[in-house]
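Shared between the two complexes below is subunit A, which pairs with subunit B and subunit C, respectively.
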Partner chain A sequence: MSNSLLLSINELKTYFFTSEGIVKAVDEVCLGINKGEVLGLVGESGCGKSTLALSIIRLIRPPGKIVGGEIWFEGEDLLSKSEGEMRKIRGGEISMIFQNPMSSMNPLHTVGSQIAEAIELHQDAQKHELKAMVVDMLHAVGIPDPLRRMEDYPHEYSGGMCQRAMTAMALSCNPKLLIADEPTTNLDVTIQAQILELMKRLRRELGTSVLLIGHNLGVISELCDKVAVMYGGKLVEYSDLTTIFEEAKHPYTQALLESIPRLDIETERLRIIPGTVPRLINPPPGCRFYPRCEYAKSICSKEEPPLTEIGQGHSAACFLYTSKRRTKSPT
Partner chain B sequence: MSEPLLEVIDLKKHFPIRGGILLRQVAAIHAVDGVSFDVKQGETLGLVGESGCGKTTLARTTLRLIKTDAGEVRYMGRDLLKLSKKEMRKVRLEMAMIFQDPYSSLNPRMTLADIISEPIDIHGLAKGAEKKRRIIELVKRVGLAPFHMYRYPHEFSGGQKQRIGIARALAGNPKLLVADEPVSSLDVSVRAQILNLLKDLQEELGLTYLYISHDLSTVKHMSDRVGVMYVGKLVELAPAKEIYNNPQHPYTEALISAIPIPGRGASEKRIILKGSVPTPIDPPPGCRFNPRCPYSKPICAKEDPEFIEVKDGHFVACHLKK
Partner chain C sequence: MTKRLREESEEETEEVYEPSRATRLFIIWRKLKTSKLAVAGFGIVLLSSAAALLAPIIAPYGIEWMGYSGLPPSTAHWFGTDSLGRDMLSLVLYGARISLYVGLAAVFLEIVIGLAIGMTAGYFGGAVDEALMRLTDLILSLPTLPLLVVTVTLFQAYSIHTIVLVMGVFGWPFMARVARSEFLALRETTFVEAARSMGASSGRIIMRHILPNILSTVVVIATMDIPWYIFWEATLTYLGFSDPSSPSWGVLLERGYYALGINWQGWWMVAFPGLALFFTALGFNLFGDGLRDALDVTTRGR
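Up next is the complex of A and B:
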């Protein structure tokens, strides 16, 4: 796997300006994805993971706004691109699979014509080649009898098939980065297994970089090389897959891992994270996890812990691991 | 094991599909199609299955919330389906349900105190100061505080709403609690709170649970015995550990292997089933799993396999296990 950086997010801030106050959905997040790498972005609902994904392809709508930071993709700053330039990138070099496949397809057009549209927009394909390309894509994602099924409308597809068709559409222009936002959340487990298998195969064959967003840690561990954990709009921990599961350092990651019932381990009682996921409107100063954290110290309520490297390629944002506070003095 | 609290014998529920000008019945959805099981006093029976397999219909028919077409539901020896409305109302006090969606199962115009006192009023269980004392006790029992009593559902978080749902279910001092996907709409970090609460309540109050979910990991965590449903039928029933370590039905085997385990990395031995769950509309004869089954034999397409005991307390419906 090459180590060159494909996407780099630097101190990204995406805020929503609502009548109740400013929602800091993504707050100073730094993240990178290498070429050919699958990065898992884990977090509970409302932690800002989908907002982060939408920020990358600049699909944030008012009252939301990207208020700061940089997003570099292949050496170009995406935030300085015009809307026209972005439109070429979306669906071309960066494509996205959305959470609900049924509602992200147009019910008035056949599945085949929707995929053809995506190809037509981004590639110089002749009209007569289009059909063959669509059939190839549907075949690649395992839709049986693609020549006939491409004439079907989305409602004639099952949930799993719709998800496959969405994947086919997203991959039809050979994107360099695929963003998959909870691609299996609404599917049954046996169908989820089919989609996971498909994504693994596509990854082997095409070598696409993937940003996989999800809250199911099982799914994440099936596909990812690296894992980033978000909580309350902040990145709290980042490392490779094994380290996250075996040596998680941030109290939130640790608690999250122990609070889920597992098939392979017998537990009488689950670990509890007290309280609920915080609202992101005008968050208090300090660490966002501190009200629920069992190791909270007095400093945690006052200052925000910086994301610090605590091991080889392993960083966490927690005062338990930062001996010295971040100082402003230049070194 | 102790006596069964609830026995379900060959229960069937078909929903008619009407069509044509005369709205004649043209087909039927076989939502629950001949299911038998029992729930013993003090145990948790888990029911798993994918969407549309009839789990929720089974729960509702068991509590007689919807009419059944055939079969028996015996609660402490009495057939519930033969009771009069008045008698049923009394029995219903002893059985309560926790619903999947705490957002839509609470009346937005009622305060927490109103919600919990409704079952107490309907059954005439307590009045005045006694009622208030009881409500406070229930509120505390599910981990909420008395100052929450005059708040409305929208003021609570998802986890707290589910706690209210549990308090309401406990108001009539039930013996049997039917929990239909009680945690699937909650955040991961809040799920553990509710699961632990359910376990504590079971221990303190000696409750019996029928726990329904599509999530095998939670079902295994909660249950003593687990039943697996597929398109309206129970295909396997066994003690929880046994079913996970030694699944006998090919569907159970595939279902368990399909679950990704956190931290284990990519699994290689996964059984990938072809196709998707068939519709329960006029299902074909034979085993309903046979079109997707990797071990399917000719007999599977013709005859419905019997639900037989292959080992102590381990039942399976599969032609291969005869």
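Up next is the complex of A and C:
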């Protein structure tokens, strides 16, 4: 498997140095994405998903800082790249789609010129070629009448069309990895379905690897091959899609799954995970889920459970499964 | 997939409608037209610019010409003559040259210095921001008139250029503050982050993504500050800190005032330069206000 590994994150630590203390937004996370694979990254708001995404393309702004770990992309260490080299990678090799499509575009430039700008940044193209490429991209993401609509300003697009255009922009340079940070969160359900359909199609046709971030397990289950669950800046469980949905091991993953409505299982009430995500400022020792965990043992408040392989390609960080056998497995 | 699509669309791309610079200007003009006040302002600005540019041609007498002094308005001298016997209409027309030059040149300096300082402070933040903003506060805290008087005096040469330079050098703090605050807000927006995630450099983000977004604010401040500079120049010349041989509106007002003081005759020596000053200031203000609305792309004025 390792020869087809596209991105590998090793013990990444991204901390925010605020006046109140150090926020460990991403703490020793290990993850890998293979070529052509779609990895879903799930977790509640504020658990460090977006920080992890921004760390990959090194767009963490002060007071945040990547303080440790490695990010390998196609055999190269992204953390040792210069800013100029990173700029070539951003948009060219790894591109990103953001949560709020309507505000992801500069209101003063036409949609077409913004996509053209993205292409121009990474490819040498003549002016007329550029226009044709923009039309192609808009066509590919299903914008009707792209020749005309490329001259429109972002406010003349609907939310769904903006997200399509953003997707077009992100894919315009054929990136090897697409990071989609909750691409459907601010869209209504029918548009969500359209965007998901679009992403499925593009994935099938272009074979781009995707890191799909979301808290909506329904969306994740539509698209992903593998799922990683984050909690409080830590990776708590990692496995392929079916395993996560059928035999989730970590109590947090289980709780998360029980909290989504399902048609195939009859339940009276949806499960609620009591409490909130812990503040990540100087977190106490031990498992970060421990205060909300129904299986909490005494060891959980003292020691941090390591991420342990508990099955074929399935690992979880919980003392229920470690039995003191410490084998760290970076995916 | 994209290859195939490209071939299909190859022929069609020829006739793509692309708004050229001219059409963009036309769109701005069409939106400006919707406000009567803005059009009036634009008209006044045009009129005073025309007066300034064409003064040597349209002025009935040169500024060197002298006749009877203190003549009231008549058909020979529409605006009367001043205490030296020069034609007031010609003086007011030539005065537009100097006053507009002062306003535009000082505003140009203000924009250049203010934007540079505001952008640097707002984009880079931190210690740079702190240092530049304290400098801004320092200049803002100094009283304007004594500051201008002292610095103009220090130069020892009471020329119009000295005044422009001094006003420009001390006029930027407000522009810098506004630019900074807009930069602070805009650099956090998603579209700036998105541009960065597409691999855009800091320079490109500043020039293409942030600067155009603060342009309308800059234009408004600039047009509102032009009359402000004209007034300050008038004030300084009125106080005697200028070259008395160049007939700016301020110089004319000063002379008129002295004439008035002697025998309470000659209201025209004060009224006409005063009205010219007043209407030019009003024109720039109205035009600036209208321009702000017209520069907003979210209304296309279709």
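FYI, the second predicted complex is superposed on the first by the 318 of 331 C-alpha atoms of A that agree within 3 Å, B and C clash if a C-alpha of one lies under 4 Å from a C-alpha of the other, contacts with A are read in each partner's own complex, and residues count from 1 in each chain.
One rule holds in what follows: contacts are C-beta pairs under 8 Å (C-beta built on N, C-alpha and C of every residue); 3 or more make two chains touch, one makes a residue touch a chain.
Remember, predicted model here, so these are calculated numbers, not experimental data.
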item	value
First, second, both or neither for A:255, with subunit B first and subunit C second	first
Which superposed partner A:77 touches (first subunit B, second subunit C, both, neither)	neither
Touching partner for A:264 - first (subunit B), second (subunit C), both, neither	first
Which of subunit B and subunit C A:20 touches, first, second, both or neither	neither
Touched partner set for A:247, first subunit B, second subunit C, both or neither	neither
Touching partner for A:103 - first (subunit B), second (subunit C), both, neither	second
Intersection of subunit A interface sets (partners subunit B, subunit C)	none
Interfacial residue positions of subunit A with respect to subunit C in the complex	57, 59, 62, 87-92, 95-96, 98-100, 103-109, 117-118, 121-122, 128, 131-133, 135-137, 139-140, 146-148, 150-151, 153, 155, 166, 169-170, 205-206
Contact set on subunit C toward subunit A in their complex	1-2, 5-6, 9-10, 12-13, 16-19, 126, 189-191, 193-201, 208-209, 212-213, 297-298, 300
Interfacial residue positions of subunit B with respect to subunit A in the complex	50-51, 157-160, 187-193, 195-196, 199, 214, 216-218, 220-222, 244, 254-267, 270, 272-273, 276-277
Subunit B partner contacts - residues on subunit A that touch it in the complex	44-45, 158-161, 188-194, 196-197, 200, 215-223, 241-242, 245-246, 255-257, 259-264, 267, 269-274, 276-277
